[in-house]
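Below are two complexes that have chain A in common, paired first with chain B and then with chain C.
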Partner chain A sequence: MNALFSRTSRAYWTALAAWALSFALALKIGSVPGADFDLIYQLRLPRAILASAVGAGLAIAGAALQALFSNPLCEPYTIGISAGATLGTVVGAVIGTQLIFMGISGLAFVGALVFAVLLLFVARRSTAGSSSLLLAGVMLQFFGASLVSLWMVFADPTGIQGALSWLLGDLSRARLDGAVLSLALVLILSFFLWMDWRALDAFLIGEESALALGVDTHAARRRIIFFVSILVGACVSVAGMVGFVGLLIPHLVRRQVGSLHFSLLPLCVVWGAASLTFADSLARFVARPYELPVGVVTALIGAPFFLWLVMRRGAAA
Partner chain B sequence: MKIPFLSAALGLALSLSVAAAPVTNSPPAHAARIVTLAPSLGEIAADLAGNGLSRIVGVTEYTDVPPGLKKVKSIGSYVRVNLEAVAALKPDLVLATMDGNSKDQVTHLQEMGIPVVIVKSVTLADIEQSITQIAHAMGEDQQGQVLVARFRAGVAQIRSHAQARKFHPSVLFELSDAPLIVAGRGTFLNDAIELVGAKNVFADLALPYPRPGAEEAVQRNPDVIIVGSEQEAEKWRRFPQLKAVANRQVKVVRSDALLRPSPSILRGIVELERAIFPH
Partner chain C sequence: MIFSVEALSFRYRRHEPWVVRDFSLGLSPGDFVALLGPNGGGKSTLLKLLAGIIPGAEGVVRYQDRNFLALSPAERALKVAYSPAVFHVEFPMTAEQAVMMGRTASGGGFLRHINESDRASVGEAMELCCCSRLRERDVRELSGGERQLVQLARSIATGAKILFLDEGLSQMDLNHQSAIGKMLRGLATDRGYAIILVAHDVNLAVEWASHCLLMKGGRKIAYGPVEKALTQEHLRELYPDTSFIVGTSPATGSPKVFFSK
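Right after this comes the complex of A and B.
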């Protein structure tokens, strides 16, 4: 027991150290060498905080979705929940409420929720197993993307470049006050999600056994979908479509501490924050003076990982 | 039971994150460290600075008029400038355009306490207006008046040629061929076409740079088609039924000046005039 405890606590310390390191790196490097205090405070610090918030939110959302759908390939991006949030944000742009930040964020949440509920419906009805869920997710992405393209045909051309970089995942809009609030919001929501750790464990052993153990899986499922949708809506409305953080991080953390959500979820929060902060440093640094959208960096690392997961599952079956 | 608390927290968080109203910081009377966020703005600033070209410390990519600006530090592409690079130059005046620069980035610079002057660059009248505005911000009002007068004289000269013409051909101005993007109403290209005495065949579309289908273009059957390269011209020759193709009026105009909302657009307009009215 003691050994187990120390192993888990070592995992926490490692994760926090990784976050601290990547945060320090994010403040240190950028397109300008030897930046002064103002520049770090006004540009790099807000981005590092926002990257932490979005990475944390997407990673824990991914972990929860993987348990909820009993599918290791789930995450907000691959099953289309991010696309729902994106669509919500674009609808906000069309009806012209983007002046109010809350308008966008609220609509992103509604978009994420609608797509998540649709997926839940597909997952229940479908007899084709877990791959049908992913296919449904891909279709939702196509659907969302086509409506976004439709908007682009009629939109003001000067706005499109901004929209394009946002669609690829972009943290350059970070402001200090907004970033701190996003981080606070993500941490609060993560805490609520974590309170359902028993239910998430129960989904792993199957719903009937869970009901036998006295876990109200129906209520838990509704809560989890709700919190995941707000998390994804919040992340997408500030950073666009950042993929694969929610896939990669839960898998790596599971290798370290196993599948039980009591430790898995908090560690996903910290590792998610660390990894996206690092990815954004790369995005700002590698091609300077140009800046890559951070979603490009995460997809370059995440998409091969996804393929590897698929092939490994194929070999196991 | 958790939900009410949560929505309260959420509501608070979101209402607080409504962006603070942009602060307008005023530049010094004689700005000495100017960063321009579009090639056209670099050109206007350079014209106003005259021999004091060293006042311009940062420009966007492709800022090559006057040639002296090619050596100035680049701060990225105008659609997405590198904010860190701009801030590191410690500018006392940033020149931005409403039409092309990212609104969010411009606001961000203002929030950082940098004086930003934002001009409109859609029509020919906007160009004149932006010269005056930039001259004032740079403390060069007098030089601004000189430039505006020169610009007006150039416009008047082109207009005098146009008034002598009896024939007013319809023109399709192609900006891109895949997808087809053309000049629409209310743009400086539309102004240029009208100034030389022609008609824009897509002047009725509400968008400034619409994407009509090729079918629509064929059906409107313009007298002249203006493209940017020989390859693009070749694509139109697939439609021999077009008047412009039959009469060899698909014309290549390679002019950066024509696509930039700055005083040297007059040179571009003269090229356009020669392409539409060769004689």
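Right after this comes the complex of A and C.
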């Protein structure tokens, strides 16, 4: 009985309740008033499921990246892995195939993986520490964004509007079957990532210490980067560049249950799902009858948080 | 002999000077070695090589009769605990959680979380290292000396009987230095641990150490029981710009080094 009310299980109950609430809210509100069955079933439900999947995937990917690089400012968006996935998707649009597998773009995965491996290379070669990693991430983002802009200049102008809102992070194209598939995929990948909780814990105190504690750091790093890349590829190919969920959620959950990944990762999944579902409701609601891209909402909340983190780190160092 | 190195040589890149050169040493249970030498003399690199943290060394490292560096990281971690000179964490973590990380290698599969034997090892290690009272504190808020206590507890919690401690006592207050020095000595003499402790405070280290290892330019200058290794000639070789005399402590009779005019 005690276990039901311990600090950690309270955290699980709270997270699940938050997710249920935001999911209900997402079905209830929208950019147009009224709610008939078709509207909820065909538009809002798939969208809420997709928001849950993308939020969960980005949050757990952020938590894993922060541990892997032992850097609290990491997440798929800030270090450019999302940009890699975007570039991959755009390359797919140019060559006319996405190599779709299980509902995600294979090219988005390849793009994410290539950028992630580049980052690993920079992180290992540079002696300047964690800030050089972020700078490298920003450069990768510029590089990816320039190529994407190049594509937009030459692309068919009728498709630009859709492409632009996808780039900003957009869940409006959700369909029920695809959304359910995405959610299933994210949950499976999250489980694989969670299997490495012991290694991720050890990475928190640095790679050398992790190795000294008995973690096969090379193998663990390969696995983590691989699963993170698929997750990011999956999220970006369906929702575009949604930033800062992967940054914010892990930090908020850590305040509640600490940094150890046995509990942190599952809670990030649930809170990530809850928060992006809520953010998407906001995106549909605040400017009604128009809809904002959800990435704009997360960036408006997330970017100030990022600055606050940077300042707090500066104060600590 | 439980752990030995033969003809160990290492440099970071080809055509660069050797960081560790032709180094040999044998450790037996009960040896408590103070590793002394000037900055940049290869002490930290040596410990990392011995623990298998840096790959690419020439030479042989043996645990009992097995090639130590060919073992998996988890097998190595159960035999040798290495603790680096700095302990830096960017994330919230209690001292107890930090010590619990010492149980990483003994943890088993991903479905097995923390069990009673983990808790017992962690509790005992924290008790030995005078840091039980810090259990719930966030390691980011601890002082340098307190962090060293926690880090040492982590190494002991692994259960490994060989400890390589890089600057293990350097930031502790006198009280903790004395308590921890005695405790390490006790681990060596009573429980058969083999310990190498990198130190810059010669007098502090040799108060409890049984052996002295003097190192400079990646080479072994001298190794032996403290009385034999810690001589005026060896110290002159180690630190040529400063002159010392070697005496004994009036209280404990252990060798002491004094600056001379």
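Rule of thumb we're sticking to: the second predicted complex is superposed on the first by the 305 of 317 C-alpha atoms of A that agree within 3 Å, B and C clash if a C-alpha of one lies under 4 Å from a C-alpha of the other, contacts with A are read in each partner's own complex, and residues count from 1 in each chain.
Everything that follows uses one rule, which is that contacts are C-beta pairs under 8 Å (C-beta built on N, C-alpha and C of every residue); 3 or more make two chains touch, one makes a residue touch a chain.
Model, not experiment: these values are computed from the prediction.
*Asks:* Once chain A of both complexes is superposed, is A:Thr217 in touch with chain B (first), chain C (second), both, or neither?
*Replies:* Only chain C is touched by A:Thr217; chain B is not.
*Asks:* Could you tell me if A:Ile230 is touching chain B, chain C, both of them or neither one (first, second, both, neither)?
*Replies:* It touches chain B, and chain C stays clear.
*Asks:* Between chain B and chain C, whom does A:Gly106 touch in the aligned arrangement: first, second, both, or neither?
*Replies:* It touches chain B, and chain C stays clear.
*Asks:* Looking at the overlay, what does A:Ile188 touch: chain B (first), chain C (second), both, or neither?
*Replies:* After superposing on A, A:Ile188 lies in contact with chain B but is clear of chain C.
*Asks:* Please determine whether it is chain B or chain C that touches the greater number of chain A residues.
*Replies:* Greater contact footprint in residues on chain A: B.
*Asks:* Touch test for A:Pro289: chain B only (first), chain C only (second), both, or neither?
*Replies:* A:Pro289 sits against chain B, while chain C stays out of touch.
*Asks:* Touching A:Arg175 in the superposition: chain B (first), chain C (second), both, neither?
*Replies:* first
*Asks:* Do chain B and chain C land on any of the same chain A residues, and which?
*Replies:* In chain A, positions 195 sit in both the chain B and chain C interfaces.
*Asks:* Residues of chain A touching chain C in their complex?
*Replies:* 66-67, 70-72, 194-198, 201-202, 204-206, 208-217, 254-255, 258-260, 262, 313, 316
*Asks:* Which positions of chain A touch chain B when the two form their complex?
*Replies:* These residues of chain A touch chain B: 30-32, 35-36, 38-39, 42-44, 100-102, 105-106, 153-154, 156-159, 161-162, 165, 172-173, 175, 177-178, 181-182, 184-185, 188-189, 192, 195, 226, 230, 284, 288-291.
*Asks:* So in the complex, the part of chain C that touches chain A is made up of which residues?
*Replies:* Contact set of chain C toward chain A: 48, 51-53, 72-78, 81-84, 87-94, 97-98, 101-102, 104-105, 107, 110, 113, 140, 158.
*Asks:* If you look only at chain B, which of its residues touch chain A in the complex?
*Replies:* Going by the criterion above, the answer is residues 2-3, 6, 9-11, 13-20, 74-77, 79-80, 82-85, 87-88, 98-100, 102-105, 108, 111-112, 207-209, 211.
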